[in-house]
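Dropping the structures in below, format is structure tokens.
Below are two complexes that have chain A in common, paired first with chain B and then with chain C.
Then we have the complex of A and B:
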């Protein structure tokens, strides 16, 4: 069903860094066989995206490094729980990374640590986070951001990267719950439109 | 709800943002399974979200990869991976405690049992010894007591023997005169004897029969020298009557006599209280 997952941008990257490329099926089989050479390839291929998500969730470089390590060890050790029928390998890995990072973000100990560092209230700390621009912007992230309103960027950040519920977002942005739903839907649709038209 | 209605419901967008409710996720999964066009729409949204994520890629530091690969086959358990960052040493520690706990208790129990047994044995031995010792101690104490009484008796006998010896020596000396003093008319049964060494001029007295005086009275020996009484000293009664009593010295005397006087003696004899008297023969 999902035979090959190598989007245009990813295959470009792979060709830059490595002469060998693998199909999605080969990657999955290599992971299930605990092939370290293939796992090394998977790491090189996906770790920047996963590290980007984790960093954006946590806003803490040291913690992000620890979580990235934890995430790849989880992927290695729990490869059996990956179900090819339910989605691509990257989708699964991205979920593992995002969930692990958000779990840590929402854990008491992490909140306590961040509070002592920044001395700010939970929800307002989330609101104030400014988007971290990737060091390497060759993928056109800044172009995408330009075409999203500030409010749309904030909605996506709170929901996708901070794991907030609709109710929490309504409280943080001080708008009714119904408004959050409508605006969220528009933001995601807008994002899809921009990505499709960016010709990546 | 047909596929188009579902697509326009907004559930897919909320799901993509990660804010769909559990109920909405169930509806979405049902719709994906039922309608291929819903599945395609979901996949299209997913790819755009993932592209958005990819745009924000950041290269992690190189040592993270090294750390991951050196840990790949270290701890196979997910639970340990999760707690790894916080408690690096704990798993090993726990295992060590558990594996060492049992033998330690076994050792302690067996050592305690051996010590208890040893203690009981020693208790028995020492109690028996104590009983034995106590018997010996009692015997020793009674022996010590009887030895002491024997010793004191023996000392008494020794003293008495020495005194007798001394008396014997006085009596046996050929230079000693024996002067017998029979009772006077007032005290006819009274009798005493004087032994006088003319060379050393020492006078000894032996009471043969004199009644015990009152507590405030004492017998006194007199020597009659040229018709005048001379004090020869007072003497004790009681047990000492069995012995020769050393009196004062005199170079001359024609007669000896004993009177009863007040305790300590008198300057001149009370003639009415003269019990015995005897002339020196020759």
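Then we have the complex of A and C:
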């Protein structure tokens, strides 16, 4: 079992049970150097979070499996497109995963197959049917979510997990665009407060 | 720029959660590069988002990792074969890290080669096969085009030959029709002309050597048209021709040469116009002669029918 310490800055080392540790910079350079063993390490470290995002977006396990594979192949093949000025490696990988999943979600073929109706309770359904890492078990998955209002969860889900623009959210929720911006800012602020207070 | 106002405007949250259109994303990224406070705020939001998405972390099926590693191993082996002279550093082996120097500031100087999905060790032979295949395809396509061209050309020649045959047959037919028309048109005209009350027929009977022969001559004293029907006239001797003359005031007027024989017994022949005629004479003269006939050359004669 891995013991993971997420990095806060580039100098912080990431520890595995094997006692091999890497900094963020080493991870990036190892990926660019096409180090397969290091890539395997990156997969073990980040695949649960990426798979969680993908599954949350698609709500389809089979499709999520395919997308996860596609995402890591993109990460491997397009590592040179990562720009550290824009954020950490994990942020870039999250963007790749989210964008790939949303592209599929919005494709006509996927829509025809799924005909998924958005449901905010999917969060809880997903938690009950899929395993999570020990770190999340310790955090208490629903504990955080319960501190957000239903509207705030819906706003974040629509924006981040369904790839909706603010204009689309305004139409879905039937509120003015300015209201969406205000509520979204409040929701994220509330989320930040919760995350920081629970010391995730 | 009022950095604090910008940070508190909510645009950074929207940026981090991927809700901004592309142009506004770029705007935030530029602002983050210019202002350290904005950059720090963005980083803080990104890390909070990373922690948030960890809430949804799900361990994927192990088979996915196996498939991914197998794919990249194959790709890497191919790339390694193509760059086998270049030692490959491994960050996973700390003891090897001293053997090469990683770029300290700009890792983008290390640009991985574009992924080659086919093994590089086969690239040379593959290339030959590609060239060979391309050449075969070109030859095949060229052959097909040439066959098509020559087939069309052959068809073209055949078509042109048939066309020429058809044209010739058509010309022959037209020629025959023209001949018949030349012979029959006087007859046809006669049919209508002879109905004209101004058209008068004169019948001539042969004497001496041409006894039993007969010729009908039609003349229109208004239109001056002259028609001749050689009802019973033998072919002329070799070197001789039958000639029609009109006599007016003891003067011979040339009305032209005409044909005789079995084919002409029912054909009215168009002759030269005659303005005035008291009588008609048929002469047998030397071919090409245009002078009035001698007395011994006259074989038929008759007064014009009034």
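Going forward, the second predicted complex is superposed on the first by the 162 of 200 C-alpha atoms of A that agree within 3 Å, B and C clash if a C-alpha of one lies under 4 Å from a C-alpha of the other, contacts with A are read in each partner's own complex, and residues count from 1 in each chain.
In the analysis below, a residue touches a chain if its C-beta (ideal position, glycine included) is under 8 Å from a C-beta of that chain, and two chains touch if they have at least 3 such contacts.
This is a predicted model, so every value here is computed, not measured.
Bringing the complexes onto one copy of chain A puts chain B in a clash with chain C. Touch criterion met: A:40 reaches chain B and chain C at once. By the document's definition of touching, of the two partners only chain C reaches A:79; chain B does not.
The partner that reaches more residues of chain A, of the two candidates chain B and chain C, is C.
Once the two complexes are overlaid on the shared chain, A:94 sits against chain B and chain C alike.
Superposed model on chain A: among 24-32, 78-86 or 204-212, the stretch of chain C in collision with chain B is 24-32, the rest showing no clash. Annotation: chain A residues 36, 39-40, 43, 47-49, 51-53, 55-56, 64-65, 68-69, 72-73, 76-77, 87, 90-91, 94, 98, 132, 135-136, 139, 141, 144, 156, 159-160, 163-166, 181-182, 184-185, 188-189, 191-192, 195-196, 200 touch chain B in one complex and chain C in the other. Put simply, chain A touches chain B in their complex at residues 7, 9-10, 36, 39-40, 43, 47-49, 51-53, 55-56, 64-66, 68-70, 72-74, 76-78, 87, 90-91, 94, 98, 132, 134-136, 139-141, 144, 155-156, 159-160, 163-166, 169, 181-182, 184-185, 187-189, 191-192, 195-196, 200. Residues 10, 13-14, 16-19, 44-61, 64-65, 67-69, 71-72, 76-78, 81-82, 84-85 of chain B are the ones that touch chain A when the two sit in their complex. Against chain A, in their complex, chain C makes its touches with residues 10, 13-14, 17-19, 21, 29, 32-33, 42-43, 45-61, 64-65, 67-69, 71-73, 75-76, 79, 88-94, 102-103, 107-108, 110-112, 115. Taken together, the chain A residues at the contact with chain C in this complex read 6, 8, 20, 22, 25-26, 28-30, 32-41, 43-44, 47-49, 51-53, 55-56, 64-65, 68-69, 72-73, 76-77, 79-80, 83-88, 90-91, 94-95, 98-99, 123, 126, 130-133, 135-136, 139, 141, 144-145, 156, 159-160, 163-166, 181-182, 184-185, 188-189, 191-192, 195-196, 200.
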